[in-house]
Amino acid sequence: MSNGTPLLAVEELSVVFGGRGSDEVRAVDGVSFTLNEGKVTGLVGESGCGKSVTSLALMGLLPSRGVRIGGSAVMRLPEGETDLLRLPARRMRDLRGSQLAMIFQDPLSSLNPVVPIGVQVTEILRRHRRMGGSAAAKEAAVLLDRVGIPDPTRRLREYPHQLSGGMRQRALIAMAVACRPRVMIADEPTTALDVTIQAQILELLKELVTEEGTALLMITHDLGVVAGLCDDINVLYAGRAVESAPRGPLFAEPAHPYTIGLLGSVPRLDAPRGEPLTPIRGSVNDNIAWTDGCAFAPRCDRYAAECLEGPPPLVPAGDGHTHRCVDPAEEETE
Amino acid sequence: MTTTPSSQNLPGDPGTAVPAEAGGDGRTPLLGRRAAKVDRLAELMGERADDGHGAGVWRTAFRRLRRSPMAISGAVIVALFLLVALFAPLIAPYSATSQAWGNEVFPNQNVFVGPRAENWLGLDNLGRDQFSRMVVGARQTLLVGVVATLVGFCAGALLGGSAGAAAVLGGRRGAWYDNAVMRVIDMMLALPTLLLAVTVAALVGPSLTTVMLAVGIAQVPIFARLLRGAMISQGSRDYVLAARALGVRKRRIALAHILPNSLGPVIVQSTLTLATAIIDAAALSYLGLGNPDPSFPEWGTMLADAQRFLSSAPQLAVYPALAIIVTALGFTLLGEAMREALDPKLRK
Amino acid sequence: MLRFLVRRTLQLIPTLGGLSILLFVWLQRLPGGPEYALLPDDATPEQREQMRRSLGLEEPIAVQYLTFLRRILQGDLGTSLQTGRPVLEEFLTRFPATFELSVTAMAIAVSVGLPLGYLAARRRGGVLDFAAVGGSLLGICTPVFFLAFVLKVVFSEGLGLFPSAFRLSPGLSRTELSGFVVLDGLRTGELDVVWDALLHLALPGVALASIPLAVIVRMTRASVLEVLDEDYVRTADAKGLHRSTVRTRHVMRNAMLPVVTSIGLLTGSLFAGAVLTESVFAFPGIGSFVYVATQTRDYPVLTGFILVIAAMYVLINLLVDISYSLLDPRVRAQ
């Protein structure tokens, strides 16, 4: 396989909900990023910043009515390059589950409570890999074993409520990897789990990515997950990427005040005891439209009048590092 | 929405929301710039100021109702019905009981009188003005509906309310009481309301009071269940816990805190019950358990009586039938819209 | 599963006990009491006294209750005042007719109501949704007996499409194996009898189906709307399953659960509706018989009918619980 071109290139993706004019909500507004073979790309931000909408748009799972999607998402498929956003619904249904898979946030509610786990795993094999009943059952057991579920043949007969939280998420991951998809999207896959289980699941995902060469889009608000897993990181705020960079530069030299704020909100072991955390003021609702200026301005410590002079442009800062701030933090070396 | 004090500016008030230009009016430049910045922010954020935060459940529900076509059509029908029922004697052009045109109608010879200039809806089988009977009948129908609903509401609320309060606050003995009451209620629910009504009516004998009592009693288990369920779900809320922790007396918690917050679904059910009562009353009349005095107009009785002439004079049945259907529909639409507005799960 | 069945059946015993007490109080001890129902309104106090004694109303309540219970268990529901024959016998001879009618009505309600409710939910806010919701509200608000009359006048007397009364056309010869006309016809191969019986069932069936249909449409619609919002439906879509698989296995299987319960509850009111519809179509079932009983205040028949309905209700609820446990594994686990 060629390594140069990305598996999925998202360009200027925008998702607009609601009617025309003042009622509409721009949930995602010109977001661009790429997913590469065997790499993990992170999409980071608070709830409501548009990260989940981005993933649903790529999967073609947004409702068709009342939603307008713009931009492009070109995916490299065996038969050539295809723009996911322009595929007819039928074709998209063929791709979902086979080339493009998704892992959702809450494993209990994401599994059908009245259908055995086995059926929920085999149905995807029957659909995309055209397997028969017994072959699919055998493969399902292999898959469960692969994601670390002990005694898979027994588990296949059980229902979701009989499994533990971590096991449910493993089952969902088994379904996602069942057809060896090229691109996998994980939407906060560990938020609903205990910390120890979180680490196991992340380890599993990392393993699958390196072994299969899958490209993983990791959606999270948890910077710990980002630091441990992601190769490239995009920080989203109010529907736009405010900073994008490889992991190293982003953590070493964050440029956008929002990124700095996110980093400052995380408790650190090496910080002196008693030093207060520095939370970001307000909530994600306290923003202004990007067309009027920087959406983050109302919560920004470094806020200046220039911030309201129209939308801030995306500024390159070398090494694939870009940000969207008119007054970025310089390297803070005294 | 708590960032700046001036964010309280009303969005529809642009004259004051955007003040003087930055720094241009003799104030210190710094202060002016700051003020302008704040105001600009407030203006931009003011556009989102009225997204319903802080308004009570009832107020938001009411606002939603005003925009629902279902609620509006229901309310219009109900309002019209109430107006007609209240002012019936003023609206009805003739007496509803006198057989003034009795010599023009011969049911056994299939001679009926349809709509004409003096009798807008024609005459009934005894030569009475059908329009006047419909108008006066509205009042009787309303009476049946309201009394039946009140009977169901009061008895049901008493049973369900006491069971709910006992279950939430009564400890072990309360749970026992609740259990016993609800067993009985569930068994009453097992019997179709109409059949419960039939037995009551069969015991007490046919009359309008019978119909009202029968229909009302048949609704008791529904009201009881609803109120109890609502009270139990309220009982696990934090404010009840807080009140108990503060040592507020149980009776006061039940009456002043839990009960008012649990009434929503019961009030909605009352609206729906008014519709059921009107329909069930008609069915009881059809079964011969309603008002035995046919001179006294009530839509259900009129409809039941008119069935005999359905093939020769269908209009006699159609008028009261339409009136019943439309009125019941009005109450149902209103009730369903209210339920939707109050229930966050049904909203979208 | 077997243990569930046994436990569920054992749970019936207290229910039946409570129900019998309730019915005893309701039917025998209510103010006025049966002596008023059995005697003309102008009966003298002496006559009432004598009637009370002959009914055993002077004995202690416990004795009365036990007598009542013993009579029910022996199938003694009293003697009809109109016919002078045992009430149970009257019911049993008329049962097949009412059973066929109820099954027809339920079949109509379920086979139309489920798909209609599903489609209404899927096209929420559309024309079909509006029509389905409006139609079901109208159905609930229309007095059943009036609807029956309208159907009879329009489709039978007016258009002549359907017969207006009875279970079979006069003069039609059939081999009588049991009271079940349709079943007998199928067994003996007399298809003309089956067809004729079905034609006779059509109009009363539709009239009787109106309320269950309306309820099922609304329940299904609400339930499907709720299920469509569930995460597991999104998961199923994300797996790229065929629309039909998502619809049956993931949406309907879950949406059916509350509908099944309501179908059970509706069966009781179906019998009440039978009283109203059968009389309009002179359909020789229990309903017609009870209709006459209400007109003539045939008290033993009325109380007997209540007892039968209560028994049916308990039985049907047991069936509902069993089917529920087949549909929902979570219930079985409890």
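Letters A, B and C name the chains as they come in the text, with residue numbers starting at 1 for each one.
Quick note on the criterion: contacts are C-beta pairs under 8 Å (C-beta built on N, C-alpha and C of every residue); 3 or more make two chains touch, one makes a residue touch a chain.
Chain by chain, the UniProt names read as follows: A = Peptide/nickel transport system ATP-binding protein; B, C = Peptide/nickel transport system permease protein.
What you see is a predicted model; the values in this text were computed from it and never measured.
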Study note, to complete from the structure: Of all chains, the one whose CA centroid lies most distant from that of chain A is C
Check your understanding: In terms of CA centres, which chain lies closest to the overall middle?
Key -> B
Exercise for review: Return the chain pair with more inter-chain C-beta contacts, choosing between B-C and A-C.
Suggested key: B-C
Study note, to complete from the structure: Between chain A and chain B, the Cα-mean centres are separated in Å by 47
Study note, to complete from the structure: Distance in whole angstrom between the CA centres of chain B and chain C is 27
Practice item. Determine the centre-to-centre distance between chain A and chain C, using the mean Cα coordinates as centres, and give it in whole Å. Key: 53
Study note, to complete from the structure: Per the touch rule above, chain C residues touching chain A in the complex are 230-232, 234-243, 245, 249-250, 253-254, 257, 327-330, 333
Check your understanding: Okay, in this complex, where on chain C does chain B touch?
Key -> 15, 18-19, 22, 26-27, 30, 32-33, 36-37, 41, 124, 137-138, 140-146, 149, 153, 157, 222, 226, 268-269, 271-273, 275-276, 291, 294-295, 297, 299, 302-303, 305-306, 309-310, 313-314, 317
Review point. Along chain A, where are the residues that touch chain C in the complex?
Key: 59, 61, 92-98, 101-102, 104, 106, 109-116, 119, 123-124, 127-128, 159, 161-162, 172, 175
**Study point:** Sites on chain B touched by chain C in the complex
**Key:** 183-184, 187-188, 190-195, 198-205, 275, 279, 282-283, 286-289, 300, 303-304, 307, 310-311, 314, 317, 321, 324-325, 328-329, 332-333, 336, 345-346, 348
